[in-house]
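In the part that follows, the structures are each spelled out as structure tokens.
In the two assemblies presented below, chain A is common to both, partnered first by chain B and then by chain C.
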Partner chain A sequence: MKKIAVLLLILLLTGLTGGCWSRRELTEVAIVLGTGVDWMEDGRIRLTVQIARPGAFTAGSEAGARGREPASWVVSAEGRTIQEAERYLAMKVPREIYWGHCIILVLGEEMARKGTGMITNFFQRDRQPRENIWVMVTRGEAKDFLETYSSLEKTSAQAAGFLERMKTGYSVQLWKLAEMLASKGIQPAVTAVEVKEAGITPEPDREKKSPPQKQVGLAGVAVFKEDKLIGWLDPYETRGLLWLKGEAMKGVIIVPSPGEPDKAVSIRIRRGSTKILPEYDGEYLRFMVRIRVEGDMVEQQSREDLAKPEKIKTLESEMADELKKRATAALEKAQNEYGVDIFGFGDAFHRKYKKEWRDLKDRWDEEFSRAEVNIAVEAQIREIGLLTKRAGVPEE
Partner chain B sequence: MVNFIKPLRARFPGRGNHPADQSKESSLPGASWKEQVLSPDLETNLKQIKAILDKCSDVVYREFVFAQNEQIRLALIYTDGLADKTQVGDQITKALALEVPMAVPGQEISKNRALEFIKQRGLCINEIQQTSKLRDVIQAILSGDSVLLVDGHDIAIVNGTKGWASRAISEPEAEPTVRGARESFVETLRTNTALLRRRINSPNLKIEVFKLGEITNTDVAIAYIEGIVNEKLVAEVKSRLQRIKVDAILESGYIEELIEENPWSPFPTVNHTEKPDRAAAMLLEGRVAILVDGTPFVLTVPNLFVEYLHSPEDYYERFIFTTAVRILRFLSALVSLTLPALYIAVVSFHHELLPTTLLLSIAGQREAVPFPVFVEVLVMELTFETLREAGIRLPRPLGQAVSIVGALVIGEAAVRAGLVAAATVIVVAFTGIASFTFAYSASIAFRLLRFTIMFLSAALGLFGLISGLALIGIHLCSLRSFGVPYLSPVVPMTGIDLKDVVFRAPLWAMFTRPRLIARQNQKRQEQGLKPEPPETRPKG
Partner chain C sequence: MLEQGKIDSRQAILLIISLVLPTAILTVPAITVKHAAQDAWISIIVATMAGLLIARLVTDLSLRFPGKTLFEYAEEILGRVPGKVVGFLYIWWFLHANALIMDEYASFLCSAHMPDTPVIVFFILGIAVAACAVRNGLEVLSRFNQLFLPLFLGLLLVVFILATKDMKVTRLLPVFDKGAIAILKGAATPASWLGEIVIFTMIIPFLNKPKEAYRVAALATLFTSFYLLVSILVAIMIFGPNVTGHWIFPTYNAVRVVSIANFLERMESIAVAVWMFGGFAKVGVFYYAAVLGSAQWLGLKDYRPLVAPVGVILVALAALCENIVELLDFLATAWPPYALSVFEVGMPLVLLIVALARGKGGEGT
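Then we have the complex of A and B:
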């Protein structure tokens, strides 16, 4: 009997003494939404965090009465390592810095040129930050990027996160960047972003018209060799990269109207797939890339009647050509200008030729630059939308 | 646990329930008459009865002479209010004092033949018994029967004249349904057995009556269907009932607490219902019902946990809808048990579990709140429980006022004043509503355990929450109700009975009775009752 009583007492005490261990009230944490890292000239790292101001996130009447209060607070600190900078940051932030809901990690251009590996290490090693942080490189300084405002979202970090989630650009999360850094068959590439002028928010009083605001926007792709930034792809080439990789088969292709070449027709890609088929005879390296896409015609500038099988056929071949052109543009830039395989041809080769890969992997980028790549595109138009003819087209 | 309490129990012997400790007779004075018998002399008998029923102002003594032979004196004793006055007056007094000579004119009855004659031709009462024991006579008088004493005979005639003012059969208050019988059990045992018999017109429906309670002498009936019920179960119910030696049985809850197997468990292992249709359904599944005089709540055993998540209506509505509603009810049960704890755990430990936008929204609401989330939830839960209790206790016209004030206090003022976050109010309110979706007696257990789990999750986060759930799960697995595992048919798994747990099979597919309850008579109905369109359709 006594034993049981003692046991119960011990159980109770362990519950109470150990109680609330690692408890962290929401009002005691500073929720980081976005992180930026810049390389300073003295060799130190500047860590900038965008911290949510929770008061601005309530939908209640209180917040409404106070007007729209700023939703974020951007603060930075310097240090030799991320962790050191974070500790200096903690001297200014009155709450515990909480990384669990960090949405984006922005690298300043200089930082990216110095190497990303030393930055991503902390975010992978620490328990709080997630693997699915969107990683991006900004043209300019990360601090400036995080200090922007968003007219639509509450904070610019969220805006950038949503832009990435839309897969309009080449969206890369931390885990994927880590994968690309580890693999020899692919070189990393992440979204490039920049601060852009993005519209205005009109006020009823025209005199009070707000000035054009600086907001976040996508700007193509940042190309890396190993973990160092070596160049950029513009938005036009970015699509080519995406199609070659078979990721996010989206986008609009503009082709000339078959009968009136000076007028354009827009085709929106609906879905598609890409297959990379390596061929290697011990000496000569060749890749067959087979891209299959389906699209819908969504816009027509010309006056001709396109709802005819032969015209559709012509459009399809034009679409295939255009797609190939853009893929080739991305490919050529990677092969000739930067000399890095950002497409994962190496991985495809690895999968097919395991033994040969061992010899090639250490000089893969050179091999890739020399390789012949044949792109074959098969395009199909599925729908022509709700109209068959453009309004006002005279009968032929 | 139980062992731990034992020394306590020894210290308070009055509370313990050791039949051996108690003297066989109750502690009432003057219990010596119980073994006595009547004497042939009317005066002696009357004197004795009057002595026993001294200061019982509601007992009526009516002495008169027999019309057929004025030498024979009669005495009628009944309790005013319990016996039906018109019956007593018309069919006993009037019959014997006036009407007998009209029916049997000119017949002189000797003193010796009087008793027999009165029984055969004198009384117009259908239900008569005779007894010579004083104890039975007293019992009969006090239970509403009227006792006729005939001078010169040591035998009393007990006339079944029970008839007191009782509540009419009304709608079930605690178990309302949209569809199904609107009748509810009432406080009168006879009416209740009649309600059962009306639903089950079978000679196999057996209703046995006992008297329990040393002072109250309450009628307690057990009902079961012979041929379906497990005989051992009936024997077990009887033996557990006979064990009861308490002075009073005022409600079926008294019995419930004295016959359950796990008195320390927060979960009830004896079900109760006030709906005769539900009780009938229970009997038809092989259960035993215990009806207690004086309460509309009928106990049914054995009791499975899932019964609390079922409603009698489940079998009246079509099965697809029923299944959907049951899923909702099971989820509600889970919500009513865990939602506040989950909220506490997530908000004070596991911020990463929430979507960013939701986290920020909650963080924004909590920004001005001065208390940790656990205190906040605890205060709100206690407020809610207070309101609920007040709502039950308050006189009905005031209930409305409480709910309005409560809603205002909780919903508006607390949030406005920044004392509680709106999210907390939502969590607490939703938890409260969810706990109303299933049977009240189980929701009480859930309400209690909710607080325990809240403490655990406030101390240990999700780990505490899950440990709490695991402990409750283990405990539930260990419970039994009259030998049947509480969680069956899920634990232990009885495949065929899963037809009626979350999923409610169509009635035409339920051709067996619950296997662990109606062991010996499994077949409920023929197979192949599924309705189908006629094979030959008219061509057209």
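Then we have the complex of A and C:
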């Protein structure tokens, strides 16, 4: 009897006291949604965090009559390391800073030029931040980027995270960046972002029109040599980079209409694949890049009837040309202007020529800049939508 | 006979898997990948061969002395005093290995989950629970293991399958990049883990069908290797060889990366939960071997009085580890030669050769 009583008491105690050690209630933590790091003139770094205000995330306040409550709070502090800056932040943030839900890591332009490795280290080493944080480089300062507002999402960090997740542009998660930083056969390329003017929210009173809002947006790609930023690719070249890397086969290709070259036809890409085939004879380095792409015609400005096999053939070859042009634009910039292999040609070379790689790996970027790259594109158009030709055009 | 219980072949297989696997998938991948890069999977295959040979050696030895454990037949083979010395060394090794296992788990929990909890709490709690199981004997330990290990293995496999989305087979190329020596170096650590099957010598006497011992040992080794192989492949195919070698617990990071449709994510809690079960089972088996061995070495009639003192020694030994760097360095450099050459191959081989030379024991079945 006594034994049972003791057992019951222990059972009760485990139920009541379990998990109380270092517990954290939602109201005791400051959840970081976005982190920004800027390089300061005096050699210190400025850590900016966008912290969620959980009250604004409840369903009630969204529809409530009080209007939209700001969903985030942005604070900064400086320090020599991320941790030191975080401790200074803690002097202003009345809760425990929690990194587990951090969605984005934004590096200011100057910071990226000084080196990303010393920043990403903390985010890989600490147990709270996750490997799949989206990493990006902003033109200007990370602080300005995080201090923006989002009309559609709750906070700008989430907006930036969703932009990345949509894979509209080139996007990179921390663990992919770590792989690019660690490999000699590829140099890192990171999403470039900027603060853009993005639409307005109409008010009931049309006279009281709100000024255009500054919101986050994608701006191409930041090119790195080792862990230092050395340049940018614009959105057009970014598409080329994506094709050469064989990632995110999305987007639209605009080609001239075969019969009326001043009018355009849009082809939406459905899927594609890229193969990089290195060839090396000990001296001469050559790469064959084979891109396959499939798309649907979705828009036609011209009046001609494109629903004919031979017209589709012409469109396909124009599509291939256009794609090749994009890829070449990215390639030329990487080879001639920056002299870095951001496509992973080195990794492809390593896979095929492991012995030769040992000699070349330490001067790979020079070898890559000199290499000849042949891009061959095979394009196919599958569907043409629901129309055969432009509607509302009289038969000729 | 100190142990009254009997276990069947299936329980024995599961017990041996628990004996090796839980810490193997935690710390071995990073060490192996550091040596052999993307060829780590070949290292595992090499280690499996070695593991099978050790399993064969150990089973051969044990089956010559039916119903007897390592501690009993060591004396029979070598004579009383040398046998006692060998026995003492084995007791030491079981304790040392067990302390390292607890250090691995405590470090993992501390660095990845519960930084505020002092390591000693993990040691004491882990040992206290394991002590209960050990006190109740081999059968209880086996049944516990039989209950939870399939869960452990199943959930782990599910998580690995979910991770396939982020894997790229090309990360395994080129094959044989670093050469045969690197692959062999990479194989040493997993081989020393698979060699822990030496503890099977403490279990064989309690098999209800000792004739199946070979099959049990081989199946268990193959199964363990399979999981080890899969976890290494998963880590390499997700992170590539460079980053895999940078992480301390690459399999854990690989599980963290899994994100299906943005809602099926953060599955590391499942992985950690199953790892805890596994870790407890592993500690339990080593603990049991140490306690039973000590009792036989001292010639006691019952091993139960030894459970508590051995537990205290274990906690104290585990607490000797100063930091995780020391632990990882020991596991990567000192452990393979120390465990593999002395306790897993050296001594069993010497025992077998002497037994054959002196004609001790019956013919191996």
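Here, the second predicted complex is superposed on the first by the 371 of 396 C-alpha atoms of A that agree within 3 Å, B and C clash if a C-alpha of one lies under 4 Å from a C-alpha of the other, contacts with A are read in each partner's own complex, and residues count from 1 in each chain.
In this text, a contact is a pair of C-beta atoms (placed from the backbone, for glycine too) under 8 Å apart; a residue touches a chain by one contact, two chains touch by 3 or more.
On a predicted model such as this, the values are computed, not experimentally measured, just so you know.
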item	value
Which of chain B and chain C A:W175 touches, first, second, both or neither	second
First (chain B), second (chain C), both or neither touched by A:I4	first
Most chain A residues touched (candidates chain B, chain C)	B
Contacts of A:S22 with chain B and chain C, given as first, second, both or neither	both
Chain B versus chain C as contact partner of A:G55, first or second or both or neither	first
Chain B versus chain C as contact partner of A:K354, first or second or both or neither	second
Touched partner set for A:S183, first chain B, second chain C, both or neither	second
Which superposed partner A:P204 touches (first chain B, second chain C, both, neither)	neither
Partner chain(s) touched by A:E131 [first = chain B, second = chain C, both, neither]	second
Interface residues of chain A shared between complexes with chain B and chain C	21-22, 130
Contacting residues of chain A [partner chain B, same complex]	1, 4-5, 8, 15-16, 18-27, 29, 31, 33, 52, 54-60, 63, 98, 100-101, 103, 128, 130, 154, 158
Touching residues (chain side chain B, partner chain A) in the complex	1, 3-4, 6-7, 347-349, 351-352, 356-357, 359-367, 369, 372-373, 415, 422, 456, 458-461
Of all residues in chain A, those that touch chain C in their complex	21-22, 127, 130-132, 165, 175, 178-179, 182-183, 350-352, 354
Footprint of chain A on chain C - complex, ascending	111-117, 170, 173-174, 176-177, 238-240, 242-243, 246, 253, 256-257, 259, 262, 266
